[in-house]
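Note that subunit A is present in both complexes that follow, paired respectively with subunit B and with subunit C.
Moving on to the complex of A and B:
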């Protein structure tokens, strides 16, 4: 079985983000692997360990993604591809999906595993669009994957009415929730081995396509401005005798906030 | 003129509030409105769908549509969107909506935007606002296509009480089942429980509740208030609460009238899921807990002491 996993480098959401003149201030930002993609990497490596599989990681984005891909190697990923092209700076989900389609078609994969969304955009579209473009099965928000045989897997999806148990014919795209696993911390041996492994870096031409062919010339949507989100202000905080302050707060809920 | 198709939010045969919220917004921007309802034994909802503010009701009612399946459900939406010639296709915030929207957009060659908090029309030009990076920033997004498929964030639009529509039912043919992704079973984990997405009051527990006894203590308060009962990620990871109870960036996004955070420190991912609530009450013994930075009312204290008093005081008022 050949598994393709995606990983996006995103800003660390724990840090303070500043906006100036409609753009995010890049200075002082730190970048990490998208948390849900880390769950996707862990899920791929677990399938490899339990069932045998060849695992390939692909990351799209301009700049240096070496550290992130090496981290995934150290977790157990076999091959790494970095699509590094400055043209992709303003790409929307459809463009990313088209690029992934090219990568997929070059590798004859059985299963694609992605995080259910990226922490920087919180869009949650790319994996689903990829499956739609490829005309293959897709299940999103998955919390468990089990291999049935070479052509079939069983997944659990967190839906609106409960957990859906879905039998999926391969090839397929699965997007995973962070509830699926706890990503491992790479062992020292893995980290040392990862340093020696090669990363395949290529631009869109190297992938056999162009920015126009993946839809870059006719973006369906564009972010034209960033603003700092309205910050909620803390209100009144009470300390002291529990009975007294609790009664006071209930009084405020009734007479000030009027929620009861 | 804008034509808005709203995907009806139906749970256990009942039409949920987000449908009227989305239709109210559609009417407020002067759009023609239609709704598409998908499920089994739902034809009786036609009147409710009209009353929620729609002037055409596309209904796909078939036994094969009893359980959610993203492929066939999305096909119904595409069918309705084409028949109505909708240029705006709106989903309420739900796992189903998030799974369908990118499929529908791809099939309609439309743009797709999720977690929308506002939408601005200027002639043919569409712009939307949406939070990103765990709600630390807001993006203004320009839509370059004539059609937009959008998932609206919980609490973004308010229902207009005075809204009405007209009943005009169009039946849709049920699409073929998705043979590549077959639902074998639905393990329902919330039968009879209050739905987090709809609840007027949501009460969530965090690490401070420690164990089952702590959770049960808070649960009593939730039961009294008929409140939705949620959780921080810590209690889900600890195995105390079900996955579908997690409130946050990656779980449920809620915007109730009153949100009570009990023993929750307030990690950024949790805040991203509840900071749209009208009023927030936090109980935590750590006065420096970040949850107090967003709470309208904060009680610094031991929740095991505070919660029973809170319950008693609230019951006193309500009786």
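Moving on to the complex of A and C:
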């Protein structure tokens, strides 16, 4: 079985993000692997360990992704592809999906596993659009994957009404929830050994396509402006006699916050 | 007496002994190197104080009886060495006397008096030791037949020598000395016995026997003594009594300058170490020779496990067994390890690569087949240690447990990738944001909002750098300590600044859990920042930071004068830069942090501060100072779950609560968290407040 996994490099959400003139202040920011993609990597590696599979990681984005891909190697990924093209700077989910489609077609994979969304944009569309473009099945928000045979898997997903168990015919795209697993830390020895491992870096031309062909010429959505998120107001603190405080809090809840 | 028989005994006895010793030494030489051939005077001093002076045996109040017992047996043996030489001489030449000790010399008289009394004392001590083992049965002791056998031999050695002299006395004094015996070539035969009351006492036991019988006793006791002694000598290397031979060299060769061997700075860039999986300790041959000597030397006295916070809270780490199993594994593989080392010596750096690979493959064949961690030492055992050093502090023969444990953790973390997975969150936080909480590094300086604290990046022209530490920066409770410290420094007009966002975890916990890579990453970045600002003096608000900055950063080119905040505050008080009101009321006690006390010998300064501010003085805990009991957070344990046995912090909190203290002062952010949590668990947090010394000072400044 050949599994394709995606990993996006996103801004570390532990940091406070500042916006100036409608743009994000890049100074002082640092970038890490999208947490959900980390779950996707872990899920692929577990499938590889338990059932045997060849795992490939693809990451799209301009800049240096070497470190991130090496860490995925150290987690157990076999091959790494980095689509590095400055043209993709403004790409939206649709463009990403189109690029992934190209990668998929070049590799003949049986299963694509992606994080259900990225921590930076939180749009949660790429995996689903990719399945649509490829005309294959897609299950989102998955919390467990089980391989039945070469042509079929069984997954559990968190749906509106509870956990749904779904049988899926391969090839398929699975987008995973963060509760699917606890990603391992890349093995130290793995990181060092991965230094020697090749990463396939290519631009869109190298992938046999162009920015226009993946929809860049007519972007379906575009970010116009960023706005700083509102700071949380500090809470109110009450001190003194327990009975008095209770009365006061109840009063505030009823009359000011109008919760009842 | 009988030169032929004597020669035979000596040749056989010494030949077997030499053969054993050569094997033991060969095995040590097959282990990894470590350099101990330096600072000879310091080493001699250690040997005199710790080994010859029996400091850790007689110096512990709790154990004075057994300490004195052991010390006298040991001193007795040292003294009797001269007597033994004399006896061997007598075996060859009748009336043999060692030069200087014979011919009626005063030294000779003094010596026989000393020897005589010592033999009596050793005999009494040996009887007490047997009684103690058999009847009192202290918990820390492992009762083995070996112990009784050796004590028995000691008894026989003393008795035989006393009876030998007793018979000699009887023959001279009661039977007209038919064989012209004497101690010294003294014209007044027998006068020397005025100096040997114990032997005369022994003589009275056999005075009823005839001259012939006394003569027979004399000869029998002589040979019994010699044969027992040679048997004793040959028996020693095979058990825990090897320490009789190895303890002196072991203490002589102990680590200097830092309480134990510093963690080696591993060369992580060297590809071969990753390919050969040679980092840390994963196989018994990766111990260094001193660690091997430690194993030879362990006396199985159990002092280490008795003070170990993990053993006392029912965790599987039992140092006594730890040493024992390691030693068994070492000895079991002795032959292969020696062969392996010989092969290793044939690898030539510039030699034929193929040949070298072949040799390496042969060497790998000789590795122990048992995985060291998992099979010999269980994982729970390895990860239980808090690196508190209580064990090392009490070990009478200065065995170093912690470096070995850390090296084994390195093997697990770096090579095998097997370690408690709870650590991942903290390690990831370290990697991304330079703190184990994983909070955005940009928030590191939020605690100082409105305090008017200088940041190095804006103004580096200051006398001191205040190293806040991760806890002081991110943990809500510890932030209050940081603020108090700032208040004190400002009051004393100290020129200082902080690194702010540029500060990162020192890497202490990463190193202690064996993740040398993460440690080096942190250390390298911090050292670059510090050196960039030309920092010279650092005040550290955390003993772990203090320890790492002071003792470990020099390995990577970071050399600073580092002082702990309690030490600094003490100086401020003594120099009058701040004045304390003696206004603190209520029963006050102090919990010594391991990394402040046992690692950095800071015991007095915190106490002198507390004495200066407390109206009611300071009440010591049962386990305090050098033998303070860990809070449970060191060695990376802060970031691991504690699921086996009783929680260490609860054990300590109970002890504090038992002292009826109203406030417990601490000097470490981890102790603060652990003890406060422990008190909460005991539902005592309302009655017993846990406070850092900086807070107490800030609240009681004039």
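Definition applied: the second predicted complex is superposed on the first by the 251 of 260 C-alpha atoms of A that agree within 3 Å, B and C clash if a C-alpha of one lies under 4 Å from a C-alpha of the other, contacts with A are read in each partner's own complex, and residues count from 1 in each chain.
Here is the rule we use: a residue touches a chain if its C-beta (ideal position, glycine included) is under 8 Å from a C-beta of that chain, and two chains touch if they have at least 3 such contacts.
These figures come from a predicted structure and were not determined experimentally.
Peer 1: For the overlay on subunit A, clash or fit between subunit B and subunit C?
Peer 2: Subunit B and subunit C fit side by side in the superposed model.
Peer 1: Once the shared chain is lined up, is A:188 touching subunit B (first), subunit C (second), both, or neither of them?
Peer 2: Only subunit C; A:188 stays clear of subunit B.
Peer 1: Touch test for A:243: subunit B only (first), subunit C only (second), both, or neither?
Peer 2: A:243: touches subunit B, not subunit C.
Peer 1: First (subunit B), second (subunit C), both or neither: which does A:2 touch?
Peer 2: The answer is neither, since A:2 touches no partner chain.
Peer 1: Return first, second, both or neither, reflecting whether A:102 touches subunit B, subunit C, both chains, or no partner chain.
Peer 2: A:102 sits against neither subunit B nor subunit C.
Peer 1: In the combined three-chain superposition, what is the angle centred on subunit A between subunit B and subunit C, taking C-alpha centres, to the nearest 10 degrees?
Peer 2: 110
Peer 1: Once the two complexes are aligned on chain A, which partner has more residues of subunit A within touching range, subunit B or subunit C?
Peer 2: B
Peer 1: Should A:125 be classified as contacting the first partner (subunit B), the second (subunit C), both, or neither?
Peer 2: The answer is first: A:125 touches subunit B but not subunit C.
Peer 1: Is A:14 touching the first partner subunit B, the second partner subunit C, both, or neither of them?
Peer 2: In the superposition, A:14 touches subunit B and subunit C alike.
Peer 1: Between subunit B (first) and subunit C (second), which does A:197 come into contact with in this model arrangement: first, second, both, or neither?
Peer 2: A:197: touches no partner chain.
Peer 1: Just checking: does A:32 make contact with subunit B only, subunit C only, both, or neither of them? Give me first, second, both or neither.
Peer 2: Only subunit C; A:32 stays clear of subunit B.
Peer 1: Check the superposed model and tell me the shortest C-alpha distance between subunit B and subunit C, rounded to whole Å.
Peer 2: 6 Å.
Peer 1: Taking the contacts subunit A makes with subunit B in one complex and with subunit C in the other, which residues are shared?
Peer 2: Looking at subunit A, the two contact sets intersect at 14, 16, 182.
Peer 1: Where on subunit B does subunit A make contact in their complex?
Peer 2: Against subunit A, the touching part of subunit B is residues 11-12, 67-68, 70, 94-96, 98-99, 101-103, 105-107, 110-115, 127, 131-145, 178-190, 201, 233, 236-237, 243-244, 246, 249-250, 257-258, 268-269, 275, 278-281, 287, 292-302, 305-306, 309-310, 313-314, 317-318.
Peer 1: Within the complex, which stretch of subunit A touches subunit C?
Peer 2: Listed in rising order, the residues of subunit A that touch subunit C are 12, 14-16, 28, 30, 32, 182, 184-185, 187-193, 195-196.
Peer 1: Considering the complex alone, what residue numbers of subunit C touch subunit A?
Peer 2: 268, 271, 274-275, 277, 413-417, 421, 424, 427-428, 432-433, 438-443, 501, 515, 517
Peer 1: What residues on subunit A touch subunit B, complex-wise?
Peer 2: 11, 13-14, 16-17, 19, 24, 36, 92-94, 116-117, 119-125, 128-129, 132-133, 136-141, 143, 154, 158-169, 172, 177-179, 182, 218-230, 232, 234-239, 242-243, 245-247, 249-250, 252-254, 257, 259-260
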